[in-house]
Amino acid sequence: MTIKTNPGNFFEDFQLGQEIVHAVPRTVTAGDVALYIGLTGSRFALHASDAFAQAIGYGKAPVDDILVFHIVFGRTVADISLNAIANLGYAQCKFGAPVYAGDTLSTRSTVIGLKENSNRETGIVYVRSVGRNQRDEVVLDYVRWVMVRKREQARPAPDALVPELAAAVAPADFYLPAGLQLEHYDRALAGSPHGWEDYQKGERIDHVDGMTLEESDHMTATRLYQNNAKVHFNQHAESKGRFGKRLIYGGHIISLARAASFNGLANALRVLAINGGRHVNPSFAGDTIYAWSEVVDVIELPGRADLGALRLRTIAAKDHPCADFPGPDAAGKYPAEVVLDLDYTILLPRRLA
Amino acid sequence: MTIKTNPGNFFEDFQLGQEIVHAVPRTVTAGDVALYIGLTGSRFALHASDAFAQAIGYGKAPVDDILVFHIVFGRTVADISLNAIANLGYAQCKFGAPVYAGDTLSTRSTVIGLKENSNRETGIVYVRSVGRNQRDEVVLDYVRWVMVRKREQARPAPDALVPELAAAVAPADFYLPAGLQLEHYDRALAGSPHGWEDYQKGERIDHVDGMTLEESDHMTATRLYQNNAKVHFNQHAESKGRFGKRLIYGGHIISLARAASFNGLANALRVLAINGGRHVNPSFAGDTIYAWSEVVDVIELPGRADLGALRLRTIAAKDHPCADFPGPDAAGKYPAEVVLDLDYTILLPRRLA
Amino acid sequence: MTIKTNPGNFFEDFQLGQEIVHAVPRTVTAGDVALYIGLTGSRFALHASDAFAQAIGYGKAPVDDILVFHIVFGRTVADISLNAIANLGYAQCKFGAPVYAGDTLSTRSTVIGLKENSNRETGIVYVRSVGRNQRDEVVLDYVRWVMVRKREQARPAPDALVPELAAAVAPADFYLPAGLQLEHYDRALAGSPHGWEDYQKGERIDHVDGMTLEESDHMTATRLYQNNAKVHFNQHAESKGRFGKRLIYGGHIISLARAASFNGLANALRVLAINGGRHVNPSFAGDTIYAWSEVVDVIELPGRADLGALRLRTIAAKDHPCADFPGPDAAGKYPAEVVLDLDYTILLPRRLA
């Protein structure tokens, strides 16, 4: 009689080069899209409106890239991070083929780095995860690293290998949806007159609006993604845990920051890349999430007079409006109110030549 | 470098005759319909069942009219009521072409009235908003007026113009869906034997059932409609505000009153019109909403032996069951428990001649 | 002027052999499926993925059987259990034709047993309810019995008739979806290597994961099913009631136990039958639900080398992890932490010969 439940993987269970087929392929539906709007308040017209999407060359509204991220990521949790102590970071996250309601997403990962910690009780696992649709097209390709418990402290660890990770996804790796035609792009319907040319390097935007977190909302979002990390759902266990309460899935904070960014970045057509991201403090039900962004780079796209990219740094803070642009101090230390520091790149329309 | 966020419009920003194209066209989907049922408990068979709808001549189940109202209304908030102090009323609200999952709704408004208040700090803005589907058919046409802050008290105001508004939508303006065939209308499946002939002018119906409001529910409903009025979402700010807590979108109370009205008005086929409506007291999470209705008028529809209309006054109350039919006193003053006074007209089947 | 609201049926209103057509046929949609995943965290690949379903012979992903149960059951509440004091049990619950998004479900019931209680204030009503799709195919057929108030104690009761109910649904009555082809069944994608042969009679599985109940979640689930039993929704009334708080729909606990059972039973292809079930203690918001299962029987299916069945007993407990397999004592008395004792049968893939 074998153990039927999944104990998750421990540090020793991972091997360099190991390939993992994650379970539960997931068909994304109009139901997921509605629930995502209901849980985040996202207002980007491209993802809310078939008619708007069709006017610029899509067959119908593509699914919000961040929702795609959550679904692809959700597949990996049972294998990668069930015994994780901390989700340390993301890098090299490239969004690929647009996802539409009806597409089925599945995820495979490769272990690309391993490093035992000096306490020998934990180690860091680096995985590259690739999400594909039912036609085997890549929809998302990213690296994350997590700190995972060892099963036995005494067990010898493999030689450390820390992968080299790019600081940012290169413009040559941006995936521009084929057939995108900006002639009939309507900024009034999108919600802002500001296109790519209107943003300047170093510009800071307070996204103004705050959203208060509820247990039901973050749990429903996280369950929707079939992310089964225990810390988000079980108050009985967490009441005796480190925080005494359920920890909110960091990805939900990304969703809220992205939804808030509509106010200032309404013409963002898609997330091209997540260059890096860190959940620098935990969030809990009752916290109100605010966000601001800095334009880190204004990127011209070779051969495209109609589109440009912005590299952004978006910081989310709890119970702290972002008019004063909170962030790390000179030593890189984050104040307690900052919960997210996200480096990502978006696509915007240009004024047509 | 221009300000990228939307500060909303102040009283001075509105001009008589001004036309406003509201952002974010919205495709209504089966996901929205499911979430609407999940958040309100609505049981009207026509909106819940394709088979029921097809039996009376629809291609599939039309979307609940009140959900259509919320989505069309939601578009207007960023332009009309972001700086509103109070949503004062609705009038002349006519429902048009049925909306089906897959339709994309967008809204345009015209400023039809302006009146500065005597304190010179605020003014009243009257707008007529028209929601249309992707074929440019009108799905909703209504007037609302809101009290909006002035940017500067000293700024001179335009001449006051208060539009004349009809007390009720006239039967000639009712939109009856083409092809509606009542021969196979099944009252047992609809949930009540009572059709149009069974209701009498002056009749009062206690809808009996109470529904307790949760923060997560009203926020999810309001986010689903992409209504971004700040007071509904931000506990951090509202804790220092007038009520110390988040205010519930008045439209959510309309949804709950309408869902409760199934118990007594199960054969309501559609909302033909909202003649007027006022949110007379605020609602908060934790309140339990009850409702009752009075039949204000029994309206024959010219040339239709199969259909009739009822003009109703529906009152919703919090933490107060409605067996005693709470409402305004002789002086028109509402008791603290009454939160909604809605005057609307519904379509019902008649006993076929 | 007749009373327009539904007072529900009392014990005297039921007659042996009576047939009841329940109101509000319900089209199940992709929205319901998404919300069901969002509210329960269910991860069964067959219900989450069109591609997975197609690989084994379905046209697209069938709807989770327990969601079908809730929707069929929800139709019956207004007629059967609005005045119920207790939902006493289920039996002979057979799942039939698979349900797909787009199908419309309706329910009819027959009264098959009546028995007045000795206090003459209440009686037990046994009904057999049959859910059908729009093609009149049976999707669910089950018996439940409820304790219902009498309208008047003095009213004479009919002769008692308690139906004979089978202890379990017989294998001959299992409905195996036509066209099911297991050649391409992928256990890695399903989430577990364990098929039918790997389970042994008497084996116990702790499903490990706990899920904390929120008011918003259980109310949204129950409203989604259009189950309008008052005790789940009205804190104003329940604050003066037996528990002082809203009682959670027992079916939501079944959903959570079934979702948790993925961890240990990921290859369950469908629920073939619910042989019996009892909600042995109430659940409330704030409780954390855990579950464990015992394999009661390992059932070979005649003529099928590719499929087998397991009869399970699944017990759910609140605020009590199930590593110690909590259950009734020798006298059959349940400890306060046990909330559900469910006897049901699932279909699993076999290792292909």
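Labels A, B and C are assigned to the chains in the order they are written; within every chain, residues are numbered from 1.
Heads up, the rule we're going with is that a residue touches a chain if its C-beta (ideal position, glycine included) is under 8 Å from a C-beta of that chain, and two chains touch if they have at least 3 such contacts.
Source: prediction; values computed, not measured.
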item: Residue-number overlap at the subunit A/subunit C interface, same or different (half cut); value: different
item: Subunit B onto subunit C, rotation angle from CA fit, given as a multiple of 5 degrees; value: 120
item: Euclidean distance of C-alpha centroids - subunit A vs subunit C, Å; value: 36
item: Numbers and ranges of subunit B residues touching at least 2 other chains; value: 29-32, 34-35, 101, 214-216
item: Interface residues, subunit A side, partner subunit C - complex; value: 1-2, 4-6, 21, 23-27, 29-32, 34-35, 78, 101-102, 104, 106, 134, 214-216, 219-224, 226, 228, 230, 233-237, 246
item: Residues of subunit B that touch subunit C when the two form their complex; value: 29-35, 37-41, 43-45, 48-52, 61, 101, 188-192, 194, 198-200, 203, 205-212, 214-217, 263-266, 286, 288, 319, 321
